[in-house]
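Multiple structures follow.
Each of the two complexes below includes subunit A, the first together with subunit B, the second together with subunit C.
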Partner chain A sequence: MDKLSHEEKRAFMTGNEAVAWAAVAAGAEIMNGYPITPQNEIMHYWTRLAPKFNKKFLQTEDELSAGFTTIGGVLGGKKAFSATAGPGTTLFQEPLSMAEMMRIPMVLVVQQRGGPSTATVIYSQQEVNLVTFGGNGEGWRIVYSTSSHQELYDYTIKAFDAAWKYRFPAIILGDGYQAKMRESLLMYNPEERGILLVQPEVFVGKPGLPGRDRPADHLRNAFSVEEELFEAAMNIQQEYDKMAAEIVEADEQQIDDAKVVIIAHGVVSRAAVAAMNRLRAKGHKVGYFRPITLRPFPEKQLQAVAEKCSNFLLVESALGQLARLFKEALFNVPIKSFQTIYKPGVGITAEEIVEHIESHG
Partner chain B sequence: MAKLIKIAIAGEGGQGVQSIGDILAEAGNEEGKEALYIPNFGIEQRGGVSLAFVQISEEQIGSPKFESADIVIALSERAVARTLQYVTKDTLYVYDNSLIAPPEVADEVIGLQAYDTVAPEAQAGKISRQVKSAQEELPKNAKRLIGIPATAIAQKELHPRVFNMIILGATVRAAGIVEMQTIEKALESKLGKKFTDNPKLRVLNFSALQKGVELMDTALREEGKV
Partner chain C sequence: MVERLAMPKSWRLDSKPHKFCPGCGHGMVLKVLGEVIDELAIQEKLIFGVDIGCSLLAWDFFDVDTVQTHHGRTNPVMVGIKRARPELLCIAYMGDGGAYAIGSQHLVNVAFRNEKIMAIVVNNCNYGMTGGQMSPTTLPGQKTETSPYGRDAKETGSPTLGPEMVAAIASPGAYVARGSVTNLKQLKKFMKKAVENQLAGNGFSFLEVISCCPTNWRTNAKQTWAFMEEEMGRYFKTGELLTAEKDEGHS
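Entry: the complex of A and B
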């Protein structure tokens, strides 16, 4: 048995457990991991599930190795993935950059903790810079920022498909809260829902002589001359842009008559929605916008919101990392006002957002 | 707006705070409601105050942590200090009055000396007793303060280890959002194996739950509000 056989099932579990189940559902075959809080339990649950579903696990000596062995598995034709957090996400930039340059699909789950450095093992949204534009490159990654266990499950499956379909590394961006809390979700076998899982292919060591029996594969991360790199980079950018239009995702509510729009991503967007509902109940016209893909960023969707209402309150558990993406998306777009609640490494509640809007308007 | 109940439970490591939160949320989920449980986790594994946040609602739940709780359960002196921030005028504040005694003298200056408590640190026998501070006073702004002598009753009538089941029973009665039989079912699924091996454990746990319900029932009735 290497697939989920059960029907749709309501479960009550931690986010880390949900990710491990989703990886099984997505047809992942091996996890290469190095422990770090708060993602440890992804590894623990995966190793518990692995013998039942005929999966493999490799514990490496550090995150660099976890990333490169993941790439190795993918080159050998396996659906491989890893998970990390905090300083581990920093180390992962090296293998992620290689995957970007060589167009290798891989999936990395990041459960954000406080930063910089060791900071806290608890929670933050401070790894947005790293997951979107970390590494010595152009940010050719797919980043899904989830807000619930259902989304952890859905988007982990989606990340595997997007990575293997478009051959870019895909990241699930969660956080310590989502990792450790328990809530309900519906687990399902994606194939029974008609989701066709993209099958992995062998990248190296295919049968036949390259150039004679089959076309040669060029998996390159090194170039001799500037022009060669230029050509390769422009081609990749073009393919990234083409993909972007197909996969970009955002969520928005109550924009049409909004006087204020709350901007948030990930678990903080739950507080944003709750605040919007409470304020609406009191007669305040509040809307909400949330990028689900942080890379590619839903620029057009945000610009359309700004045309209707551009009094923004941006809320994040970091010092302006989402704000940087937000500002870039609205470059040269006139906006009326821009307020912020920045709480690096600390959770944000609906109460705080309500209070801010009631006192600042 | 749909009913949402927010509960913060705090105590010393080993008191079973996380089990109470976990079982409560699991029972909420079992009844088809939205439930969210998150432990306060950090680097320290021992020696800190253990906090559990539980929310149960008919609708999707917002942020996992919250600023004000409908019910606060404090099971040690340090837990009192740690939970004051979650108390508002609408909070039902439940504490174990066999561990934390209310001040006998109302005057704050003298009142501080009136605590006569068995500090959990002293029970553990390792960590030195904490210096008492004004912080350890029970909150004055809560809607209601209810003392439940759970530790004393567990020791005298049942077993010290089912202390947290008494607290769980009391919480279930106070919250009124999940049925006791769902709690028993959740407990059964968690401890089923142990219960099968030793049926006395089931009786012990369930009696502790029932005792908690009765204690809270009496306390609520004494206040004239059921």
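Entry: the complex of A and C
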């Protein structure tokens, strides 16, 4: 047995447990990881599920090895993933950059903790820079920022599919609150919902004698001259752009008559929605916009919002990491006002947002 | 058209002549490996992983599925493939810098876990690809670009004894040896036994090869040979340090 047998099941569990179940539902076969809070329980649940569902696990010597052995599993033709946080996300940039260059569909779950350095093991949104544009490259990754356990489940499944369909590394970006909190969600077997899972393919070790029955696979990431790299890079960028149009996702509410739009991502967007609803109940015309894919970023969607209302309040548990993506998306687009609530490593409540808008307008 | 002549069958003709410098040891090691691939008929199930270093030049060397990885990361990539597909044979190919400096944590842990892969370390006493800097195996007193007055063991430690280290921590079933391009017959014997050890699924197979980098050593053929045989030979002893048979005797 290596699949979920149940059709649908309502469950009340932590986000880390939801991720482990979702990986099983997505058809993942291998997890390799290195302990770090707050993602540990993904490994704990995976190793408990492993014998029952015929899954493999390796606890590696560090995150470099977790990343590179995961890449090895993918090259062998298996859906493989890892999970990490904080300083581990730093180390993961090296395997991620190899995956970007060689188009290796590795999947990584990042449960953000405080930063920089060791900071806290609890919560933050400070790994946005790293997951979107970390590494010595061009940000050729897919990043889904989730805001609930249901989304952790849904987007873990989606991440495997997008990675294998488009051959880019995919990241599910959660945080310590989502990882550790218990919440209810609906677990399902995607295939029984009619979602056709993308099947993995073998990169190396196909049948047949190389050189006689088939050409040998020679996979490289190093090039001899500038022009060779230029051509490879432009090809990858082109395919990334093509994919972007198909996978980019955002959520927005009450934009049409809004006088101010709250911008947030991940778990903070829940506070944003709650604040919007409370303010609306008091007669304030407030809307909300949330990028779900941080890479590729929903630029057009945001620009369309700015055409209707460009008084923004951007809220994040970091010092302007989402704001950087936001500003780039609105480069050369005139906006009326831009206010922020930045709380690095600290949660943000609906009350704070309500109070800010009521006092600043 | 390149003549096949004395070339192993598993060599890929299109990528010959190869890209290593004239007189480089890499070519000799890969010739021996090619012969072993042919003789053991493993071309079809072999995955060859090459490190960043001059090893990367071998990315299209064989008609064998090959993955170029990152500096020091070839062992974990091969581990990942082997664990995903245990029926395949995985050989990680790297320099002494990749194995003993930047990838040393991987080597140590691969040995501890007795991963069923094989690692070949081409020891040329320096960082060849980056222009001849000091490496973990640079000999005491040896001049390199970053030890211009000679390596001072008091400041920078003594040369890494890779096979001795791996043998000290390896588990039963591991195969550990050091050969040299100055003795190709012995090297081939070790290479074959190392591959057979993985074929049998016994455990980690580790082979260091005393090799040369005439370009960065700035040596002619005679001096190159003498440095390997005398200077390196004095420090790095060739032979088998651990074999499956020897383990049986112990257990």
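Rule of thumb we're sticking to: the second predicted complex is superposed on the first by the 351 of 361 C-alpha atoms of A that agree within 3 Å, B and C clash if a C-alpha of one lies under 4 Å from a C-alpha of the other, contacts with A are read in each partner's own complex, and residues count from 1 in each chain.
In this text, a residue touches a chain if its C-beta (ideal position, glycine included) is under 8 Å from a C-beta of that chain, and two chains touch if they have at least 3 such contacts.
In this text, all values refer to a predicted model and were calculated from it rather than measured experimentally.
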Judging by the criteria at the top, classify the pair subunit B and subunit C on subunit A as clash or fit. fit
After superposition on the shared chain, which partner residues are touched by A:Ile30: those of subunit B (first), subunit C (second), both, or neither? second
Tell me which partner A:Ile348 touches in the superposition: subunit B (first), subunit C (second), both or neither. first
So, does A:Asp217 touch the first partner subunit B, the second partner subunit C, both, or neither? second
Considering only touches as defined above, state whether A:Thr69 meets subunit B (first), subunit C (second), both or neither. second
Going by the contact rule set out at the top, does A:Ala245 touch subunit B (first), subunit C (second), both, or neither? neither
Greater subunit A contact set [subunit C / subunit B]: C
Considering only the touch criterion stated at the top, classify A:Gly205 as touching first (subunit B), second (subunit C), both, or neither. second
According to the stated criteria, A:Leu196 is in contact with first (subunit B), second (subunit C), both, or neither; which is it? neither
Across the superposed arrangement, the tightest C-alpha approach of subunit B to subunit C, in Å, is 27
What does subunit B use to touch subunit A in their complex? 1, 22, 25-26, 29-30, 34-39, 41-43, 60-68
Interfacial residue positions of subunit A with respect to subunit B in the complex: 10, 12, 38, 120-122, 148, 176-177, 180-184, 267-268, 270-271, 273-275, 277-278, 281, 347-352
In the complex, go through subunit C and note every residue touching subunit A. 10, 12, 43-45, 47, 52, 56, 59-60, 62-70, 73, 76-85, 88, 105-106, 108-109
Quick check: in the complex, which residue numbers of subunit A touch subunit C? 29-30, 32, 56, 58, 60-62, 64-65, 68-78, 80, 94-95, 98, 204-206, 208-212, 216-222
